[in-house]
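Listed below are the structures to be examined.
In the two complexes below, subunit A is the common chain; its partner is subunit B in one and subunit C in the other.
For the complex of A and B:
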């Protein structure tokens, strides 16, 4: 009966399950079932955090006598603007807010797992959506700068035999992006789940009544699997997006115009 | 509960909409205000630089003007000095010339007077000598002297007096 003295939250997980997001409700639309999952609610929470943060940082901006909040906002905007300018060139500067939103969405969507929620980015559908948006922008850029003829001719480049390989590479670009990001975040969360589960079992095995070994040790690993990995993946995803989209267009002039 | 690697059309549609909303939101709440402020600051800096450049140009123009004025003033002073010197020289020459003329006039007058006095002295001497000669002649006549001797003696005497002048 000594076990009852320990609160349930300190018992640690009793089983490990790897599942997708919960479906909150479903509805019929044009004959298909559309699910409303917990991912969407978490997305809303993340969006509220990001937009609230933006509104907080940018309220009461001044040209002179900059406050700390404003300095942070300006630094963030300038940093991401410079990143886009260096990676994509001046022509794509209008693209900066999109990169910023994907970057923030990815980081905060991953970091929300630190609050005990399911990471938004461990839902493959989310990454697939973002990768599809990148793919759409790549295709749009190719069509814009090359025309339909140039776009279709690009598949037979340099020789027509390459057609299937070119189609594969075209499709593999977004797929690889989505899977890379998803795999890292979801894999990290599985590893962290395994560690918690393992440490709990170990605690019980050596005669502890609570999962005491789970205190401290996972935090160090979480630095990598949650913080570092989340930042890395967000950065990689937006870098790839920028590189692929700017490469889809013609090379910039030497003066960067 | 969906599968771990499920592809869910509902999530995709909602995520697409959410991403677009986030894009618009970030653009509106972060980029627009911050870029506006940055542009305003840039404009202010540009304005300050322009104003400073204008002020500098004005200062340079003023300096140039003063320099020119200074040069003109110096030239004027030089001219005035030269004119004054020339006038003074002229005046000096005039004064000297008039002084010379005056001195020459005085000299001439003196000489004429001297001449006159000499002449009157000569006359006085001649008459006195004549008298003296007569006196001497009377004495010589007493000692039987011819009239020829008498005249010759007088002339000799007068000439010797004239030489002694």
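For the complex of A and C:
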């Protein structure tokens, strides 16, 4: 029997390498090198997907005779509004668009790895940017409700000796948020890479011509590492954002107004 | 591969393994949190939504030490900062 030629794409990975995002081009700006990585391009793709989805779901809205498309859009908006209302309270409802955009960006940015790209959220700078936005919002909320004096006084709370610890906890909030999301997504993708590599080696070891073992079997694990973990991390990121921001303001009245 | 590089690689691998001991803490903590959440839901099934949400956020916060360990281990194995 003639040996069938195995196409290149079925050979599986030859070796495992873990690198940062590919740099497309870099340029000099004020003495530092600015790298234009593939993450930026993928972010623009994700943004286009989200914008396109929103435009598709919300064009031609009606009060009566609601179409299926509009029902989906209403369901999504209502779900996220309820989440914000339950977590932050009624007076923070105007935060919903920010929370919804971070949530969508996180989910689609992670799920783009299912199409074979590098996940946007496995680049630490993306998460650090989001965490920095949350940090800015927390600081802004504290300044708005407590004034500059109250903000500075909050660092010496309850006793001035706590000053270094308070500063440390202020900095560690966004860092921990960013690291948690990044660690989960990047760790998951590395584990998936190891599994593909291991199954390829195994199928070569038992005498197969192509990497047949790595077809289908990793999908089960991908359910956890790609789908579940992505949704979970997006949810946790927005939950923590909401909790930290609403905790920075004064506590709500008992009637929830 | 000369001797010094081999020693560094060996140390990195051992260090990565040691760093993942950090996984014990979040494991115990999250198990405890989920167990308590189950008890709370059994006692008050109508509050299951709020309990589950709070539990997930708590788990995520408890998980961060394990994630730090994972990041250190990945750095040691794949980026090899000391070679």
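Here is the rule we go by: the second predicted complex is superposed on the first by the 253 of 257 C-alpha atoms of A that agree within 3 Å, B and C clash if a C-alpha of one lies under 4 Å from a C-alpha of the other, contacts with A are read in each partner's own complex, and residues count from 1 in each chain.
Convention: a residue touches a chain if its C-beta (ideal position, glycine included) is under 8 Å from a C-beta of that chain, and two chains touch if they have at least 3 such contacts.
Everything numeric here is computed off the predicted structure, so don't read it as measured data.
Contacts of A:214 after superposition on the shared chain: neither subunit B nor subunit C is touched. Within the superposed three-chain model, A:141 lies out of touch with both subunit B and subunit C [touch as defined at top]. When the shared chain is aligned, subunit B comes close enough to touch A:102, but subunit C does not. Looking at the shared chain after the overlay, A:200 reaches neither subunit B nor subunit C. Residue contacts after overlaying the shared chain place A:186 against subunit B and subunit C alike. Contact with neither subunit B nor subunit C is seen for A:229 once the two complexes are overlaid on the shared chain.
After overlaying the two complexes on the shared chain, residue contacts for A:246 are found with neither subunit B nor subunit C. Of the two partner chains placed by the overlay, neither subunit B nor subunit C lies in contact with A:110.
When the two complexes are overlaid, the chain among subunit B and subunit C that reaches more residues of subunit A is B. In the overlay built on the shared chain, the residue A:123 is in contact with subunit B alone; subunit C does not reach it.
Shared contact residues of subunit A, touching subunit B in one structure and subunit C in the other: 18, 186. For subunit A in complex with subunit C, the residues that touch the partner chain are 18, 86-87, 176, 179-180, 182-184, 186-187, 190, 232, 235-236, 239-240, 243. Chain contact summary for the complex, subunit C toward subunit A: residues 49-50, 53, 56-57, 60-61, 63-64, 67-68, 70-71, 74, 78-79. Taken together, the subunit A residues at the contact with subunit B in this complex read 18-23, 26, 32-37, 39-40, 43-44, 47, 50-51, 54-55, 57-58, 61-64, 70, 73-74, 76-78, 96-98, 100-102, 104-105, 123-126, 128-130, 132-133, 186.
Subunit B contributes residues 1-16, 18-19, 21-23, 25-27, 29-31, 33-38, 40-41, 44 to its touches with subunit A in the complex.
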